[in-house]
Every structure is written in C-alpha cells, then in structure tokens.
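There's a structure below that I have some questions on.
Read from first to last, the chains carry the letters A, B, C, D, E and F; within each, the first residue is number 1.
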Amino acid sequence: MSENSTISKITKKDISKVWIIYYLGAELSNSYERLQSLIFCTSMIPVLKKLYTTKETLSEALKRHLNFFNTEGIFGTIIHGISVAMEEQKSNGENVPDSAITGIKTGLMGPVAGMGDSIVWAGIMPLIIGIFLPFAMEGSSMGGILPLVSYTAITLIISYALCHKGYKLGRESILNLLQDGRVKELINSASILGLFMMGALSASYINITTPLEINVLEGSPIVIQEILDSMAPGLLPLVAVFGIYGFLKKKGPRYNIILSSIIVISIVASILGIL
Amino acid sequence: MSENSTISKITKKDISKVWIIYYLGAELSNSYERLQSLIFCTSMIPVLKKLYTTKETLSEALKRHLNFFNTEGIFGTIIHGISVAMEEQKSNGENVPDSAITGIKTGLMGPVAGMGDSIVWAGIMPLIIGIFLPFAMEGSSMGGILPLVSYTAITLIISYALCHKGYKLGRESILNLLQDGRVKELINSASILGLFMMGALSASYINITTPLEINVLEGSPIVIQEILDSMAPGLLPLVAVFGIYGFLKKKGPRYNIILSSIIVISIVASILGIL
Amino acid sequence: MSENSTISKITKKDISKVWIIYYLGAELSNSYERLQSLIFCTSMIPVLKKLYTTKETLSEALKRHLNFFNTEGIFGTIIHGISVAMEEQKSNGENVPDSAITGIKTGLMGPVAGMGDSIVWAGIMPLIIGIFLPFAMEGSSMGGILPLVSYTAITLIISYALCHKGYKLGRESILNLLQDGRVKELINSASILGLFMMGALSASYINITTPLEINVLEGSPIVIQEILDSMAPGLLPLVAVFGIYGFLKKKGPRYNIILSSIIVISIVASILGIL
Amino acid sequence: MGSFMIAVCMGLYYWFARLRFGYTFSGMLLQPVCVAVVVGWLFGDMTQAMIIGAGVQLVYLGVTSTPGGNVPSDPALAACIAIPIALQTGMEPNLAVALAVPFGILGVFVDQIRRTTNAFWIHMADKYAEEANTKGIYRCAFLYPAILGFIIRFPIVFISTYYGETVVSKILDILPQWLTHSFEIMGGILPALGFAITIMVIGKKKLIPFFIMGFFAVKFLNISVMAAAIFGTCIALLYKGTSLSGGAEA
Amino acid sequence: MGSFMIAVCMGLYYWFARLRFGYTFSGMLLQPVCVAVVVGWLFGDMTQAMIIGAGVQLVYLGVTSTPGGNVPSDPALAACIAIPIALQTGMEPNLAVALAVPFGILGVFVDQIRRTTNAFWIHMADKYAEEANTKGIYRCAFLYPAILGFIIRFPIVFISTYYGETVVSKILDILPQWLTHSFEIMGGILPALGFAITIMVIGKKKLIPFFIMGFFAVKFLNISVMAAAIFGTCIALLYKGTSLSGGAEA
Amino acid sequence: MGSFMIAVCMGLYYWFARLRFGYTFSGMLLQPVCVAVVVGWLFGDMTQAMIIGAGVQLVYLGVTSTPGGNVPSDPALAACIAIPIALQTGMEPNLAVALAVPFGILGVFVDQIRRTTNAFWIHMADKYAEEANTKGIYRCAFLYPAILGFIIRFPIVFISTYYGETVVSKILDILPQWLTHSFEIMGGILPALGFAITIMVIGKKKLIPFFIMGFFAVKFLNISVMAAAIFGTCIALLYKGTSLSGGAEA
C-alpha cells in the first residue's frame, strides 16, 4: 500500500466511518422498494464528500449509490471497502467507469448475502443463544447479557476486518482482477455457494402447508399435503419462491404488487381454509 | 409454424393417429428380439402412407422404422413427433439422411426410457394407487376405478402433449439443433439423468441374494450374503447388470442366449441352493 | 512384449524379487525421516545391479531411489513395476531423465496410498477378521489362523499381479502416456480418489476431543466439545491435519520438530486437562 | 351369473389385461385393486372383494413391468386366482395371497413365452414391410399377439376360478419347490436384462459412473426415487453446463 | 417504579429494538432472552423473568429476519407481551407463550407497514441526492424511520404492559381467527420473497440447480446448515476449478 | 513348557510381529485373534485363549497402523499382556482388557522410538549407496532395525508374562495418570501427521476440497468407508472426464 500512499486521500478513519454508519443503519431504513440502497448511499457520504468537492460530482456519486442494493450486513462490508477504493481511484482520474463500480456491487451482493445469512444469522446467532441458554433457564440475567455482548462483538470484529480488507483489495488488485477475468471466476464460485446456501436456508425458513382434505368417503380423507410430501417434501415453498422469482423476472421489481398479492392470497386462503 | 404450413402435408390428426396407435400397442407386440420396433413402425403407418406414395419408397420407410427401438411409452412419444417431422422434411426433398432419423431415435430412446420409467411407472403409478388405497380398504370400488381412470387420463394427456410438442420441435428446430451440436448436448444431459435414474431404479427392482452358508464350525455359519453386504449392498444385482451388459457389448444383442442362460442359471441355482 | 524381448535384460524373476523384498520389508525400516525410501531402494537392488554394472552408475541409481518415498505396500507395487521398466529403458540408452522416474514415483505414491490404505487396510482387513471372528468367539483357533492365511494370501496375490502389471505398463506405454499427457490425467483422477478416501479415513482415525468445561454458573457448565460439535463435528482433528500440513508446506519435512511438538502438546494438554 | 360364465369372464379379463392393450391403461388393469372391482362385480360382493384386493395390492405395490419390459412377478395372475378363492371360501386374505404368490411367480415364465414368441410377428412384419403391406403389419402388431396371448393366458385363470381352491392347491402340490423357487430367482434376475439393455442403448461408456452413483445413492443413503430424480436432474443440468459450454455463464 | 413508567419503558424498549439500530446488536435485542433481562430488571424479579424468557426463546430460536429482511414472526413482540403477564399473574410460561404467539404473528403485519412506508424516505433521499444535501440523506436513513417506527411500535406494548392480561385477552377475542391465521400464512410465505430477490440478484440462471440441490439436501438428507455450508464451499471451489480454469492443475 | 520358556516365546512373538516382517502378514500377526492362537498353544488352553482374544479384538478392530505408518495404539502389546493374565487368573476378559489398554497406549510411544531411531539406518544407507555397497543397504533395511526392535520390544512382554498380573498392576500403579493420558492424546493426534504427509505428497492444492468432502461425508452422513470408496471412484472418473478431455464424449 505504501507506494500508492501519495495519492491516497482516504484514511483508515474514513473507512471506519463508512463501516459504522452501515452497521448502525443497515436494517433501519430497509424498504421493500430498494432495500438497503438508502443506507449504502448514506454510509458512503464521509468518503464521497472527501473525494468529490463540487456539488455536481458529489450529487452524481450520491445518486450512483442510491441504486438497488441488498446484502448481509456483516459479510457485506467487504463490498463497501471495495467501493470506497474504486471511488477513490475514479476521483483520482483513473479510468473507472460507473458501470464497473455498480457491476462489482451488484455482482457481489447476492452471493455474499447467501453466505452471510447462513453463517452470521442461521449459524452463529442460534449457536450463541444456545450456548448461554442454560444460564437463562436457571434464572441468570447472563443468559441474555452474554449473547448480546458476544454476538455484537464477534460480528463487529468480522465486519470491521472485512471492510478494511475490501478497501485493500480494491486498491491493490481489483482492477487487475477485473481485467484478467478472475473477478468473474470469484463471483461465479461465490454465486454457487450463495445459491446453495439460500436453497438450504429456504428449506427451513419458508413455511407453507395446506390443511386441505378431500372427503370422498367417510373416514378416509385424502390429505393433500401428504400427497404433495410423497411427491417431494417442500413443494409449496419451492413453488412460492419460483413463482415470485418468475414474476420478478418478467415484470421487474414491482414489490408492491407482490406484497399485496401475498396479503390477498393469505386472507383468501385463510378464509377458504386452503392454506 | 404458419410460415411452413404451405409445405405441410401432415395434419394434427395424423400425429394424433401415430400417438394413439403407439399408446394402444406399445407393449402388446413387445418381443425380446427387437422390443418396440414393431409398434413403432406400425404407429408411423398413417404418416408414412401419406408421405410416400410409391410402393418402393413406402417399403423403404417402413423397413427403416422396423429397426431396434425401445423406450418408455408415455415420455417416448416425443420421439414419434420428431420422427414424423423429419420424415416429412425428408419426403419434401430436404437433405435428411436416413442416419439422421435413426440417430435421433437411437440417441433419445435410452435417456427418455430412464426418465419415463422412473417418473411414469416408479413415481406416478404407485403414488396414485396409494392415494386411493384407503377406499379399497374400506370396500369401495372407487379404490380400483379411480386409479384406473386417473392414471390413464394423466398419462394420455402427457403423451399426447409430448407427441405434438415433438412434431413442433422437429419442424422448427431439430435441423438447426443438429447442426450447432445442441442436440448432442441435450442427449448428453438426458443420458446422465437417464443413467442415474436407471441406477436408482435397479437398486430396488433387481432382487438377487444368496442363501449360501459355510458351516466350518458347529453353530456359527459364515453367511455369504452378509459378507457381500458388508462389502457393498447390492453387489449381486450389480454383477448381473454389468455381466449382461458386458455380454451384450461383446457378442451383440443375442437375447435368446441371455434368456436361456438366465433360465438355466435360475434352475441350477435353485436346485443347488446357491441363489 | 515379444518384440522388445531382444533388449530386455530384466526377467520375470527379477521383478518378483523386487516385489518380495518390498513386501517383506515395507514397514520394517520405516522411519519418520524418509518413510519407505530405504526399502524402496533395497527392493530395487536386484534389478539395478543387473542394469548398472559400473560402480558409479550403480551408486547413482541407488541414490536416486533413496529419495523420499511412501505408499501403501500392496497397491504400491505397481510403482515398483513401472520404475523397473523405466530404469531398464534408461540403462538401454533411451532418453529417460532422472526427473521422469522420480516424477512418476512421486506423482503416484500419494494417490495410491490413499486408495490402498482404504481398501487393503480399512476395507479388506476388518472384513476378514470380522468373517472369522465367530470362530474365535467359540474358542476355535481357526478364528486366528484363517484371517492370517487368507489376508496374507489375498494381498500377496494382488501385490504380485500389480507389480508385474506395472512393469508391463512401464515397458509398453508409460513413455507414450507421459508424452500425450494421459499420465497427468490419470494421476489427477487418482489424486481425487486418494484425497477423498484420505478424508474419509481421517474422519475415523484421528481422535481429538477436549474435556474442557467452563463453569460460570453452578451446575450448568458450558461444554466446549459440544459447541465445537455443533459448529461441525471433527473440527479438532481437521485443525490437526491442516495445522501439520501448513507447517510442512512452510517449513519443509521437519518431522522431528512436528513429533516433539506433538509430544509436548500431548503432555501439556494432559496435565492442564484441555485435551 | 353361473359359475361357468364367471370363470369365462375372469379368464377373459386376465387375458385382456395381460394383452397390454393401452399402455398405461392395461398397466393399471393388472393391479389387484382393479382385478378386485371385476371380481366384486361378478361375485356380487364388492365390499369383501375390494378389501381382499387391497391386501393383495400391498404385496405388489407398483410392480408391473420393469425397464425393458421384464416382469418380475405377475400381480394380475396372483390377484385373479387369490381374490375369488378368498371370497368363496371365506379364507383369510393373507392365506389367499400366500396361495397366489406362486402363481404370480409362474407368471414370470408365461410372460417370457409371450415375449419370445412375439419374435415371430416381427419377422413376419419384416416381410410385409418389404411388400409395403401395411394391413399385414397392423395384424402383426395387434391381432396375432392377441390370439396367441389368449391361448397362453385364458386357461389357467378359467380353471382356477371354475374349480376353485381344491384344484389350485393340487397344482401347487404338483409343482416341485425347486421349480417355483427357480421362477422366483428368474423374476429377480430378469429385470437386470432390461437395465443392461438401457445402458447399452444410452451408449455413453464414460457416463456409466452415474448409473453406479444412482444405484448406491439408493442402497447407501436410502433416498427415494423422487429424491434421485431431483438430484439427478440438477446434476445433469450442471454437468452439461460444465463440460460443453465451458462455464456457467449463460 | 410505577407501573406507568414500566409500561413506558417496555414500549420504548420494543420500539428501540425493532428500530434495528445496530445491525446484529438489535438483532439480538429482539430475542426473548434479552427482553427478559429488561423485564426482570423493571419488575424486580430477574430469576423468574429469565426462566420465562428462556421458555419463549425456545419457540423462536434463531428467528429474526430472514434473507431479504422479511420477518416471519416477531419474537420481540411476543416476548414483550408474554413475559410481563406471566410474571404478574404467575401464569404458566407455556400459557403465556400461547397468549403471545398471536402477537408475534401480528408483528409480521406491523413490519410490513414499516418496510412499505420506508419507501417514502428513499424517494425523499433521491431528491436530497440531486441537491447533494447529505444532511437530508442522513435524516432519511435514521431520523424519519425512527419517528415513524415509534408511532407504530410503542402503543401496543405500552398498552399491553399497562393494562395487562385482561386487555390482551380482549384484543385476542376481537381479532377473528381467520385474520390471525392469515397473518400466520403471510409469515410463512413472506420469506419466499427474500429468497426470490436473492436468486434474482445473483442472476445466474444456469446455476439455479444449486439452489434446488441445497433445498432438497436439507429436505431429503436432513443435513444441517453448517453441513450445507461446508459441502457447498467444497463444491463451489471445485466447480470453479473445473469450469473456468480448464482443469484441476494449480 | 516351563513358564520361563513361555515368557520367552511371548516376548519373541511380540518382537517378531512388531518387526513388521511381511507387510500384511505381520499386520495380521499383530491382531489379538492371532496373538490368542499363540497364547492358547503355549498355555495349552486354546478355547479359553481364543474367547478372550476375540474380546480384545473387538476393542481394536482394524487398528494396525494408519496412513503414514503412525500407530494410534498397539493391539499386539495389549493382547500379549492381557490374554495370558486373563487365562492364568481366570480374570474376566473385560477386566483383563481394561488392564491391557494402558499398555496398548504405551505402545504408541515405543513405536515412536522405533521410527525415530530408524532414521539412523537410512543415513547409514546413504553412505553405502555412495559406495554402491548393496549388502550394507540390505542390512540397514532388515538386520539393524530387527536388532534394535528386539531391545525395545522383547523385555516388556517377557516380564509381564513371566511375573504376571502383580507386576503388571504395579507398573500401572507407577505410571502417573497424566502420563498414560498424554500417550492417549498422542495416539489420537499422531495419525494426523500421516494424513498431512499424504496430502502433501499428493500435492494438488486445488483438489483439497475433496479431502474435506470425504471427511465430512463420513462425519455428517455416516457413510461407510466402502461407500466412500464407491462414490469417490465415480466422482474421480467423472471429474476427470470433465476437466481434462473437455466433455463426456468417448
């Protein structure tokens, strides 16, 4: 890093600011429309203000980072680090097109979410709660305090390290990696893992079953759920995921329609007793 | 399809005829020698008679379709559809060599059999019987009538749709697909699935165990089957499959020899008590 | 083989000598420093003495085969066969560089060890003991004699066949294989299998658990091993393997340091009660 | 209906179902629950017939023909013999099934005869094709197998239904154990022929490890056929992606 | 502390935890064991509160927000209502949980309101970005959602803590069963949206079979999430090696 | 035979078996069932000896040396000590085994000595190779290790057989628990060295995920070694096909 330090305007402290802002607000302003784009943009402010000193360029940069963004908030900080580095290089006049920055962000956010959600949320969190649960069962407040402290501490350390790591990566090699195609390779691997983990998680997180029974004969109803299960367990959840996915693919990110549909379907299905 | 309709001699009805003839007789004339070749040829008659009007060409075409053929009768209708389309193009003077038609048939029939057998026969059939079995258990004739009706209906619909789909595919794209190698790719994928499913099915369909015990000492016999199982469960069935496969590879399709061998082996093994 | 016999100085008997010397002493002189290199060299003596008649060349050859070597002693004889063939070709003036011989040996020994250890030692051996164990349980000496005879016989036959097979391979095709890259392919496949099997074996052969408990509260200790297991079973064994592997990679084959470390760690951990 | 007519009807039913007219239709007609409907109707006791039929069905769940068309045992023959006897003698369904199982095994052999003799018609059809005689081909594909099938299928069920339990038991007494057991072995081995043919026909030697993996996935991991189908599909799609288009890019 | 102040504190706690200030910090604040610490402190009976909290926790182990941020049910709301009631009335924890579960479900709906209304601020931020008004963007990201959150979160917990079991029961009586059940269904379906978005965002159609494999690896083989992570990593590394660098050579 | 001669024979047997003369032959000689044959013959009570030997065998099923030649525990030493004692004192086999297990563990350490000292001979052989002295190399490979082996192997078994249970118990009393436990730990860790060496020797870093998969396939899915071998072979064949010949075509 030393050889580049002459042109580095970004200090370690700046990166830490980006990191902490994102950490504090990752979920706070999360909306159905653009999920974490607002907090991503917000977290970049300390850096962007430093790099872009005219109103026009700053406005440009801010708008660039208000694009759709969503990832897991601990592992995802590596993307922040990389983005900071790329913005810096861009503002230094190097040839970093907007599309490259957005491309990296978009390419990484999905796979990283897959990994982060499974490790940070589905892995570490219940593990930590479980470890200290015996304390709670015996009436000790440590059963609540220790999980809070340790989970927060562990995840803060990880996200801090990854954010700075990302910056280093971005400064040192991201442009090379981009050129020789190894970023593509990396994203590919990460995507496989991300998709695999998302599949594994969805198996336990989505919960749709039907109580439907067909009563042709007295006393021996045909239980629809049993038939579905004997075809393949988890068919309905899978239909839900790929139904929504298909809609998103065809009609674009019209979340409001999806949400209202889910509400309507839930109410109707509840009244008719089919779900 | 509209742009080609000027040169299309084959109507929807013709294809349906092919389909129904095959459906009715798929297993009826099945022989050890050439399995379903007779019914394949027979089912093509309505189309071939329309396309080839001289005795010579018709005879040629009929003989062409008396070649070895065997597949699963529901999923397999897609091959009929494709064959009809290719015959039509051939009779229209397009450059469709005999070997291309036979090649497609031969390439697809194996993988399709693998998929069809597992889904139609090992999947859907017991599922449907199982659903309605409670009716039979309570003495209702619905336990027999509903499986008959629903299984027949479902499979007729699938095979009808696939036959027409096959024709459409054959008319629109099979030649292109053949040229750019994507058919090869497709057959490759299908072969993988077919082989995998065949393996899975054979695990439960082939049933060979040995009652042999070696009694060196009083009271603690060495049970051969247990030893085989501790090496790998299902060794004998696997030996049978690959023994026959090896014979077929080396000596060609001499089914009579195989059959007589199986009979002789069974009788001898039964008398000697080794199987 | 007949066409080459004019230039073949090595007889079947020579190869059998190599084989039996290796069989007898494979483990006898096994040391932490170079494992089976001593016996490999020793087993080659009958052949090397025939091929290299001057003191200098013989000495060269002997030293060449005192390089690091380790493999499974039954499957591994195929490497002896190949080495003999290559030495013969070399001594006949063909262009066989030292590095090619050492390369084949080094390339094959790992994967072959992986396969041999799992089949010969983890597979066949307990199987045979298990078969005859009932005899022992009933007090018959056959429970000990039959395993000894049959295990020895089976493994002798395998290793004998592989040793001669290796020689044939080496004479007929190894140079071609080397040139067209198929040896690489073969070693690749073998490496995959070898690594996979090594992984599978290590799961049961390495045994490290910690009895550590943290007693923050009366009566509900935090059992460290349970936490590790809920992360992933077998973490400690895996850490041990890759810890040592990492050391070997960085510092080279300094086995004495590793061994003393293991001893020290074991004693310290035993006294402190952490393992 | 007189017992003669009933026996004729049962014989005809068995013949027709085993004719395999209508690929999946006949496949279901062969199942004990369907046989039971006919028996129940002929004997005028649907409830009892169905209950017995359900019992026999459980022994043969999903057995019809295996890949390549080989029949490991004949549920229809077992059902056609067992259900009427159980109905008439009030025999426990279990016992009736035990009585019938050897006949189910016998069916293996009868079906081998059918498929061996069917070779006649394909040779005959070769000649008709030479002459472009399509009518003749139709007859080879439908008529002749049907006639032959009648001869080898009708009698056994007719007799067993007409003379009932006594004759059936006698037949069983005559058949030596080694013979029925050898049919049983045959029924176990035969499906292997079908699988071998299919591997042959698929013809990709390098992909045979997939067969082995499917086999042992079921044997070692106890996964169901549906699970195999799902994982198999995923693997097939991904393996293709890898080996031919050189990467996972769309 | 007076019961009014206690209710205010509980309401504030619920509001603050659900604000999600501090990504993983708030994620843990939402868990019943943490709620229990606060309840225990406010009501002066830590031991009892923790024991009840542990019971409620078991129902919601690891439930916070699923991928994409959808909440399948709200453990914090359930805990904030159930634990005080159980503590005050000496109700069996199990019963208190049963009382609270419908509120956990209700929380699904409340969170949907939050995330829908949050769309306001992102639009507002678009405008501030145009003007390069960074202060405004900060407000959109933190201040406004916090204020709105207060309005939709505070009252319910405040009321239920202040008026206690009687009011809670009354609320439950008013809510028709079809409505709570429809929230339950919604909580079951909503996570699917998050997964669909993630697949979308990853965007490699050809790799979707990996999703299916992960799904059924859990369903059929019952492997744990950690096992999936380990095998997934291995597969990802090896698949890459294959498809892109053309071989396994280093 | 006098008890002195018996003790000598046992000592010699242990020395010879542990010499590992004859790769698999000696591997089996080390097993308790084989030790039992010798004990039975020497003590003139084959039946009892074999029964005890079978019991000890169950504790050590398949343990000889692990990849890389490391010995996690020494079944032969355990057997050579336990079986005679059980036979003479009529001690329950279980108890005798319990007595012997610490010695099996002690064997770990003794074998470490052997393999460390064996380094002498390889250095000596280096010199002989320089001089092309093949006789010398033979001696390094066979004679010297045998002599050294005698010194470190013979005494312990000779003594324990000659003086019997009392001395054995005394030895056990002298050994501090932390020492035997540390041998136990060592026996658990040592095999890791062998695996590390093998990974090293295979040398393909990119393929290491296969090691991990094999490891966790056993840990998570509980598959047997044979199952691993079968699936491993299939994967190896298919992976090769993919990565190197560019497709599944023959």
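Quick note on the criterion: a residue touches a chain if its C-beta (ideal position, glycine included) is under 8 Å from a C-beta of that chain, and two chains touch if they have at least 3 such contacts.
If you want to know which protein each chain is, UniProt gives these names: A, B, C = PTS system IID component, Man family (TC 4.A.6); D, E, F = PTS system, D-glucosaminate-specific IIC component.
These figures come from a predicted structure and were not determined experimentally.
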| item | value |
| --- | --- |
| Which of C-E and A-E has more C-beta pairs touching across its chains | A-E |
| CA centroid of chain E to CA centroid of chain F, Å | 55 |
| CA centroid of chain B to CA centroid of chain C, Å | 47 |
| For chain E, residues contacting two or more additional chains | 204, 207, 210, 212-213, 216, 220-221, 223, 226-227, 230-231, 233, 235, 237, 239, 242-244, 247-249 |
| Where chain C touches two or more other chains at once, by residue number | 123, 130, 132, 135, 137-138, 140, 188, 192, 230-232 |
| Touching pairs among all chains present in the structure | A-B, A-C, A-D, A-E, B-C, B-D, B-F, C-E, C-F, D-E, D-F, E-F |
| In the complex with chain C, residue positions of chain F that touch it | 19-29, 31, 33-37, 40-41, 46-48, 50-51, 53-54, 57-58, 61-62, 64-69, 72, 112, 115-119, 121-122, 125-126, 128-132, 134, 137-138, 140-142, 145-146, 178-179, 181-193, 195-204, 207-208, 210-220, 223, 225-226, 228-229, 231-233, 235-237, 239-240, 243-245 |
| Residues on chain E engaged by chain C in the complex (per definition of touch) | 226-227, 230, 247-249 |
| Of all residues in chain C, those that touch chain B in their complex | 123, 127, 130-132, 134-135, 137-138, 140, 142 |
| Complex contact set, residues of chain E against chain F | 221, 223-224, 227, 230-231, 233-235, 237-238, 241-242, 246-250 |
| Contact footprint of chain E on chain F as seen in their complex | 204-207, 209-210, 212-213, 216, 220-221, 239, 242-244 |
